[in-house]
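Each remark here refers to the structure printed beneath this line.
Each chain gets a letter, A, B, C and D, in the order it is written, and its residues are counted from 1.
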Amino acid sequence: MIRAGIVGGTGYTGVELMRILALHPEVEVTIVTSRSDAGLRVDSLYPSLRGSVNVVFSLPETEILAECDVVFFATPNGTAMLMAEQLLAHGIKVIDLSADFRLKDAQEWSKWYGMEHACPEIIAEAVYGLPEVNREAIKTANLIACPGCYPTAVQLGFFPLIENKLINLDYLIADVKSGVSGAGRKAELAILMSETGESFKAYAASGHRHLPEITQGLTIAAGKPAGLTFIPHLIPMIRGIHATLYGQLQLNAELDDIHALYEQRYMDEVFVEVLPQGSHPDTRNVRGSNNCHISVHQPQGGQTVVILSVIDNLVKGAAGQAIQNMNLMFGLKENSGLKTLALYP
Amino acid sequence: MIRAGIVGGTGYTGVELMRILALHPEVEVTIVTSRSDAGLRVDSLYPSLRGSVNVVFSLPETEILAECDVVFFATPNGTAMLMAEQLLAHGIKVIDLSADFRLKDAQEWSKWYGMEHACPEIIAEAVYGLPEVNREAIKTANLIACPGCYPTAVQLGFFPLIENKLINLDYLIADVKSGVSGAGRKAELAILMSETGESFKAYAASGHRHLPEITQGLTIAAGKPAGLTFIPHLIPMIRGIHATLYGQLQLNAELDDIHALYEQRYMDEVFVEVLPQGSHPDTRNVRGSNNCHISVHQPQGGQTVVILSVIDNLVKGAAGQAIQNMNLMFGLKENSGLKTLALYP
Amino acid sequence: MIRAGIVGGTGYTGVELMRILALHPEVEVTIVTSRSDAGLRVDSLYPSLRGSVNVVFSLPETEILAECDVVFFATPNGTAMLMAEQLLAHGIKVIDLSADFRLKDAQEWSKWYGMEHACPEIIAEAVYGLPEVNREAIKTANLIACPGCYPTAVQLGFFPLIENKLINLDYLIADVKSGVSGAGRKAELAILMSETGESFKAYAASGHRHLPEITQGLTIAAGKPAGLTFIPHLIPMIRGIHATLYGQLQLNAELDDIHALYEQRYMDEVFVEVLPQGSHPDTRNVRGSNNCHISVHQPQGGQTVVILSVIDNLVKGAAGQAIQNMNLMFGLKENSGLKTLALYP
Amino acid sequence: MIRAGIVGGTGYTGVELMRILALHPEVEVTIVTSRSDAGLRVDSLYPSLRGSVNVVFSLPETEILAECDVVFFATPNGTAMLMAEQLLAHGIKVIDLSADFRLKDAQEWSKWYGMEHACPEIIAEAVYGLPEVNREAIKTANLIACPGCYPTAVQLGFFPLIENKLINLDYLIADVKSGVSGAGRKAELAILMSETGESFKAYAASGHRHLPEITQGLTIAAGKPAGLTFIPHLIPMIRGIHATLYGQLQLNAELDDIHALYEQRYMDEVFVEVLPQGSHPDTRNVRGSNNCHISVHQPQGGQTVVILSVIDNLVKGAAGQAIQNMNLMFGLKENSGLKTLALYP
């Protein structure tokens, strides 16, 4: 059994890692850390885990974590970069669900995240953990930077168009909507039920931290700079991301052909489903699962192609994708422990 | 007191007309029709009206309606066009909340609505009831075609950009999200709580009936054809529309100037509020009110300008706007009976 | 015009007072205080008030408030008791929406609220502001203790049974459910959308602060001690309270007679509606209004009588009732400014 | 592999059976019937099953079902009773999730369900599928009547009190709240998002079909007639049942002892968790799982004991419990395929 540690077990991605790993046939979660709740049983804070998770929160100390084969960081930004080097030195594989190693440019990172990067020298070593583009690199990586939730939905949606040079890179638009759990488990007025329930709004229209991450990924895929307008919105629900992506065709293309490209691109991907033409993916159909559902539209047969891409932000957008990476790193089946179907209705 | 009749009193726009008119100082609702519930007290079906609405549903017959000064149609598409001419002949003003008189081209109408138009000869007589562009014509109109909910939010959002020729008319994008009440009060699986709650989806991506209506309005405003991609989505909540609009600047313009244009355009409009720069309107802040809140963004100071526009689909998007039209037609203060503030939280 | 001040304008009851008073024909809100937001425009924090409320937050100082005719306290518990005496000395009428003056027994108060009472000597002077039992006393009061939200729904539901000595006072049960706004506008994990959405739970089963308040009211109505089991629950929605009340009949009584008693008891009450037999009140039918809807049931014609009573916790359970009290204190029509109908759907 | 058939695969319990059985290590779903959708791929109707369920809807014909080892009925009431006898005659085990075989008294059944019972002669053969009381009988049964959702939550909550004769059987009260999915997947106005969202109501206060079923179960447990008042309510959410149960102690008992009784009663039950004293179970903590969480309260140390019991209505209240029964009938581990943890948040 692979011994896994989770640093930061009191947030939503931490508890989601536990939910999934509790049933993973080849992994045992041996350590879950929490500075504030050390000494407390995990299932006393999260009764949903009763009967399945038999762990007590411990302090996030390297010596304790050293017995693990792999450590997941489900921490706020700025924590993983302080501990990763030490763990790697112990030969432990590190999978970071925060943003610390997502951007290749440390200065860009500092600008968006408002702090100095603590270990810029190992950024190059980190592999961006989106298996659908980086599978081979992930298999041999020791340090994984798991993609953000928005970047996962947007990149999976845009890749086939961009890799095939079908659209104008200067006018990419991503109008993306997220459930409230994406904001994490923090005591903040803005994410109260009374503030977010029965209401819908955009936020961070002037610039969201996931913008440079998406742009970096699309630029790599395109081989030249991609110009993206990215507007995130908050949906009055808990889980799910829905990306509505707009591109301007620069080649003549018909919907049948575009759709076929998508089917071909994702044919062997176990977690990406290209829906039949005319479909509109619902976030509920991926809720709780590691799947991404995509559909392709060309309204009025015009020049604008519209891609709809949905994921569960806490699964394919966080914990599930992290475990998918772990499976690849340890030579397991890519969907081991990740076969759970979406909870409908 | 103006005597008002409501044809189709059992849907959401019908009951919303009653909610607002019950407190209108110069209007009395004397007749509410319902084929299925004739004879029943209105407040037995809608207990929210108890103590304020003292009317019994009657059959939708012209003789009964002839005693009214104004008749609102809160009916499914295809009903108003069968009765409007008769009522107009009796000298009754007609305000249609359905789509029957919205499109100037009867053939286009037939194509989108799937039936022949019953009285194409009076379409020209109908005034499109968006006071923010048609105020003077509304004042003297006898037949009003109230705008759809999506078209109201989208047009109010785009007007200043288009009237000032700031953006490329070929690449307009409207990514619009609506609460479920926009689908009406119909026994359909797709709008069950279990189907729409805790989920988000796009629909009608290949073409929604409001597309030709919006295009017609934007084309008139621009003085030349406008090309729009319009993708509607369903939000897991009841009331509210949020339009996220994207335009490509064709002139150099800075956010300060664009914002100033919006403030100037809507300075005298009692129901349109242009929010300060940096704001993101919430649908909750207009819920239950006749207001439209708009904010203007220019991400990264680039070429794409983003407009956020929110309304309550049942008020400014339907019943409230209908009453705003009535106020204008009868020489009342434009906001008479429409001062109610949004229900927050 | 009556000049009204609101101390504590940044919570939900504060903003609700402003929403309602903005349209009150005989009141002008001249002062709204907030220690944290002094100097800020009220409508910059609450855009729902734009165009209707033209006030800047000021500091909560007696000299500033002295120009008011009436001051509402929409503050956390423990604030009104520090300022009330001074304001009363200035001849200002005080309406406290917090719990400071609800319990007649200062020691009992201290036990439940965890602090010493700052002015026990004026508790006796305070009138419990439930007009349906205390109307005459309210008219001449200078200090009103507005009832809690749960106590309003529960007492209005139980009064006719208790006043008529129909049920055994030893076995009263109140199973009550509240929307999340009842918990206020506080940055707390427990009331996040991600924590309370799509879930239902009881809380404070061992004893909630509203228990002694309800017991005090029922005991006064009965003329002897009432024994109540009160279990509050949290509903995944924003506004509304639903009380399900159980009493054991100690006299033979039939549903027709019990129902008639309720109709008679509330016949002249403008805000209490007794629904027809067989009805089940929905919280949505009172949302945003000052109404209480009640229905009476006797399952299987047995000994247990079941009362269903619903209100909007922020209106009849807080701000609306406070204004109802103000209307009585100033000799206005009891429903002045309070005619708004519920927002359905 | 056990070959399973599902009759009525288009409702929520049908799709839930498929969601769970898709990952069951010892079962293969070979047949799913639907009269209306025969010929259609199951995952085209339910995209949440894409990639995991590879079945086409077939007609509900006995010959087709005859190849199964077990057939689940996820049909409206009145269907299983028409087909069960034939299937049993083929040696197929039948698990009915509808109400057809729940009541032992066929006349009582007819009264509540409004139709004649089609095969009263086999009612006696049916075993009531609540493993926590009927485990041994279930193991050898050929026909299982799966309990209703409300009856599961209420009975599991009351059993320890009743089996130990602690409470007065004349005054049992069950105030129970359910998510909307309990009403099924039917095109009905009453369960629209716009009708049930952001609102709370009781229904069927005069008598719900689950009343005789619960009474039957409690009477068996008590060994004498139990008198229950049962009031169901609708929660504005999709999944989950919360039962708040009230009993009058007829023996002196302290909370410690009562709590210990509960822990002892359910010590060996893999799906029933008795929470620590002071806890309040959330429905979210069992959502998507087959668990029942229970807590015990004695407000103010008085005579009224309050039990809180939560389940997911579609899992422990329907599909999960059906599979738990199947596991027992086929000698599998009771929790085989049922280890999924609740989806939190």
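Convention: a contact is a pair of C-beta atoms (placed from the backbone, for glycine too) under 8 Å apart; a residue touches a chain by one contact, two chains touch by 3 or more.
For clarity, every value in this text was computed on a predicted model and none was experimentally measured.
K.L.:
Tell me which chain's centre, taken as the mean of its C-alpha atoms, is farthest from chain B.
P.N.:
Farthest chain from chain B, going by C-alpha centroids: D.
K.L.:
Where are there more C-beta contacts: B-D or C-D?
P.N.:
Looking at contacts between chains, C-D has the larger number.
K.L.:
Determine the centre-to-centre distance between chain A and chain D, using the mean Cα coordinates as centres, and give it in whole Å.
P.N.:
36
K.L.:
Taking the mean of the CA coordinates per chain, how far is chain B from chain D in Å?
P.N.:
Those two chain centres are 45 Å apart.
K.L.:
Just how far, in Å, is the C-alpha centre of chain D from the one of chain C?
P.N.:
39
K.L.:
If I count partner chains per residue in chain B, which residues reach a count of at least 2?
P.N.:
Within chain B, residues 12, 181, 185, 194-195, 197-198, 236-239, 281-282, 284, 287, 345 contact more than one other chain.
K.L.:
Going by the contact rule at the top, pick out the chain B residues touching chain C in the complex.
P.N.:
It is residues 12, 15, 19, 22-23, 44, 46-52, 181, 185, 197-198, 238-239, 270, 273, 275-276, 279, 281-282, 284-289, 291, 293, 339-345 of chain B that touch chain C.
K.L.:
In their complex, what parts of chain B are in touch with chain A?
P.N.:
Within the complex, chain B contacts chain A at residues 171, 173, 175, 177, 179, 194-195, 197-203, 205-207, 227, 229-231, 233, 235-240, 242, 244, 246, 248, 278, 280-284, 287, 295, 297, 299-300, 302, 304, 306, 308, 310, 345.
K.L.:
What residues of chain A sit close enough to touch chain C in their complex?
P.N.:
Interface residues on the chain A side: 12, 180-181, 183, 185-189, 191-198, 236-238.
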